[in-house]
Amino acid sequence: MAAVLGQNSYGKSDIRLMKVVRDGAVHRLHDLVVDVTLEGDFGAAHLDGDNAKVLPTDTMKNTVYAKASELRLGTNEEFARELAAHFLQTSGAAHAARVSIAEHAWSRLEANGVPHDHAFQRGGAEVRRAEVRRTRAGDETVEAGIERLTVLKSARSGFSGYPRDQYTTLPETDDRIMATSISTRWRYATDTKGFDDQFTGVRRALLETFADHDSRSVQHTLYAMGAAVIERCPRVDEISITMPNSHHLLVDLAPLGLDNPNEIFVPTPAPYGLIEAKIFRT
Amino acid sequence: MAAVLGQNSYGKSDIRLMKVVRDGAVHRLHDLVVDVTLEGDFGAAHLDGDNAKVLPTDTMKNTVYAKASELRLGTNEEFARELAAHFLQTSGAAHAARVSIAEHAWSRLEANGVPHDHAFQRGGAEVRRAEVRRTRAGDETVEAGIERLTVLKSARSGFSGYPRDQYTTLPETDDRIMATSISTRWRYATDTKGFDDQFTGVRRALLETFADHDSRSVQHTLYAMGAAVIERCPRVDEISITMPNSHHLLVDLAPLGLDNPNEIFVPTPAPYGLIEAKIFRT
Amino acid sequence: MAAVLGQNSYGKSDIRLMKVVRDGAVHRLHDLVVDVTLEGDFGAAHLDGDNAKVLPTDTMKNTVYAKASELRLGTNEEFARELAAHFLQTSGAAHAARVSIAEHAWSRLEANGVPHDHAFQRGGAEVRRAEVRRTRAGDETVEAGIERLTVLKSARSGFSGYPRDQYTTLPETDDRIMATSISTRWRYATDTKGFDDQFTGVRRALLETFADHDSRSVQHTLYAMGAAVIERCPRVDEISITMPNSHHLLVDLAPLGLDNPNEIFVPTPAPYGLIEAKIFRT
Amino acid sequence: MAAVLGQNSYGKSDIRLMKVVRDGAVHRLHDLVVDVTLEGDFGAAHLDGDNAKVLPTDTMKNTVYAKASELRLGTNEEFARELAAHFLQTSGAAHAARVSIAEHAWSRLEANGVPHDHAFQRGGAEVRRAEVRRTRAGDETVEAGIERLTVLKSARSGFSGYPRDQYTTLPETDDRIMATSISTRWRYATDTKGFDDQFTGVRRALLETFADHDSRSVQHTLYAMGAAVIERCPRVDEISITMPNSHHLLVDLAPLGLDNPNEIFVPTPAPYGLIEAKIFRT
């Protein structure tokens, strides 16, 4: 028997949960998607079909609903932390528990200019993420992130000075559209508190830098965004950013007898540039 | 030969176009997706492979870019109208031309609390649509619409008093979540002007009614929304609304020893109720 | 009160159902998605919030599962017919009931070259559809269809002889890739039997014609496909076909110093030509 | 300045390429999606906006098309290898180049029972992947994989003997549907040849084991599948497998007065169990 079991994990993904919290007539929504993952000593299940140590993923799902009901939901980071601690308790075989929570935003509808008590519109594709990994030894990492935050700047972006070879046809430009869908994940220092304020600060540092940077490439702006977070958000030790270059190609109108002074573009989903980097605190 | 060609049409779909309009340093975005369709006398192409009357769909695409460049873009309804008139002119075989434009919203990023000149965040899934159909005889219908406007109310919605048969298990409720993704299309009276203001008025009538209605069913609220549009927007002659019932099921926590006082719900994408109706002006 | 309720309907969509039928050790799968729609006299629900005539869509869902259990599933057309008749019986307010069934195919895995008794691989995106609409007066239309059947031919397709205007840049070609995703729906004559064989015949007529036709345009091939169905399938009275032109653009390798003798193409999802026609029996 | 650039990479993703190869009248299709990634010394671009070492991703795209034209395409692993070597040559700053190729299958249409020369139907969602990573030092890893291979077995699958806590409600079963969408990636020993045959062997080992295994859990079957690959495919050193548990829930028909002897199931997309493991050769 040449085969050996290596790294493995299991859990429940995509547990959808809407909690309605009522402060009198004023309602708040928590629209969450929770993923639970256990790492540990599950070899008997794999090799022998022995499930004695396999906490069912159905139980994980029930637990998420039960805890969402029992707990006064604070930040998602705190909820993830409580869930991770719980699963280490109920699954003796687990060496580590990971709980990741994605939140979708809803904004209040307005009726006659006043924010409504209990009627909401769903936000865009942007997702706010919180993720906690806790080991049996009690080590804990708390991460937060943003996914699918789609932004565009129509000025102060160029790309030039790059090397050319026989397959290079791209014209240099000092005025192009830069569009991307930001995915980012950062790690908080231990004992960080006030996760909602932290999140707001990171998001603001990213967006303000994106908007105001004089960009010579996606790399250039991505790094500036990450560096701004490290500088402005002292509780963030490390941030990873992934930014596709969502190309908006200038339409060639010359064959139609027209000039195109950087006005008419085709958004093209594929292919796309893809830039990734990690920026950390020294 | 038993086969006969019936109703037919052709065109170009999903022409993606981003126009950047510059008012000095302040930029505006038009993020449009245009569909062009011609109806007419195209039997020779079908039966004989004779393309003499088939304006290529590639030319339609080029034309959309050219006209977007040449024209000062006003409302999408006006742009669609100019395109429809153009295609009737350049395709002699067309009896009618249909141009449909979907617009995706972008909002300005803020840097230090001030709306940014040229940096934007893409809005949600909501789409604003404009559609013009013009015949060779000069008849024109102008429609507008909204797609994928996802809303939810967590109070003032119930469903009871319905008939029961041997397969009915649904409990009656006077307090449930009502969530939906509104799709709607309305037709303007001829000589309507000010399409952007019209649109704002219709959207507001729909959302304010959704929020404040005491709902006994999706049908009940859908009709109230349509009726509000007819009453408050005198230029709208007819409106069609489609609303899925995006069920949020109350989680049964009793087996876990917990009560669930309308707090913890599972959003379920399928199956879903689907309600459709047309409401018109007498 | 200027608003009047027009055409309306409601029902349950996306009822997912997997039935495992056991012929001894050999299993068969029915992987169905059912939509139920009622048209009728539902004004009281819309105007007054009176649900006395509104058979809940949840009951529709239960009914589909119950009938799938009680009935020996034959063809989907027969199942749709029985469901439609049932819903007219249990919803006195309905004037017509529509039941549409989409089936996803699964093929047997092979172990050592032998088709497996109970292990399957899911087929592609292609969907087989059956739809029955039955009125209270007893009129019934039975339709079948295919969706998302993606095909491509790399020879015997050209496009030339079309009119040119100032915005035309497309080069004529007598050798291009023609690719499409066929969507089609046809109506059977009353008293048609053997729906599975009928379906097989229509699908074969469509695909053999697509493959062997000398195509001068998508219109030309679409019509030939529809005409082949009308000629070869006497129980089909009418067929509608929608075919996007899924453009595969020849890559311009000249700037890279290379020739491209119709070998290297870019599949482009957008924009796309869209051709639709109805072909019927005289 | 507290911020430091860590691990980073960039490249072009989703380069879509259809190559038509003609053996006389008989055509073959290569429907590929290529991703190119470079790792290396790109700090100047990030920190200073200096692009002197940044081979444009647009050039990468052009290169893929040029090489697809120049080369006689053999296996995708060989194509990826040639591309990776090329990019190390043309990007002096790169320390490593990664090329990943996804292939979508097309099968020949049949006309009168004979496989067609140049007409094809697209296969299902299943993707075949090849990935090569080559370092400047000349080290090379060749991996292959499968994504979205959706399979189901309707017998010989159970789940019991698991621990229970206060949140456990799942009933034990010795007869359930097991359905999953296999994602797997394996690494070949150096000097492996005949990648197409290797791929066929791995795929067969996975599917035959899935079909014939007496499954006590997804973990149990996943491990058996990986172990079968290690045992039957001597060139494979290591395999990672990810299998969601695509739950098919038995419909509770008791409230409708009906029995459900493992016949009627609801496929539920969310939430889902998710099982991952790596199996390697000792």
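So that you can tell them apart, the chains are marked A, B, C and D in the order they are listed, and the count of residues begins at 1 in each.
Operating definition for what follows: contacts are C-beta pairs under 8 Å (C-beta built on N, C-alpha and C of every residue); 3 or more make two chains touch, one makes a residue touch a chain.
Because the structure is predicted, anything quoted here is derived from the model rather than measured.
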item	value
Winner on C-beta contact pairs when A-C is weighed against B-C	B-C
Farthest chain relative to chain B (centres taken as mean CA coordinates)	D
Distance between chain centroids, defined by C-alpha means - chain A, chain B (Å)	29
Between chain A and chain C, centroid-to-centroid distance (C-alpha), Å	37
Between chain C and chain B, distance of the C-alpha-averaged centres to the nearest whole Å	24
Touching two or more other chains - residues of chain C	16, 62, 66, 167, 169, 256, 269-270
Chain-level touch network, classified as line, ring, star, complete or other	complete
Partner chain B, residues of chain C touching it in the complex	1-16, 35, 37, 42, 45-59, 61-63, 66, 90-91, 159-165, 167-170, 214-220, 222-223, 226-227, 230-231, 238, 244-245, 269-282
Touching residues (chain side chain B, partner chain A) in the complex	16-21, 25, 27, 29, 31, 62, 65-66, 68-70, 106, 109, 111-112, 116-125, 149-156, 177, 207-208, 210-212, 248, 251, 253, 256, 258-260, 262-268
Residues of chain A defined as touching chain C within the complex	166-167, 169, 255-257, 269-270
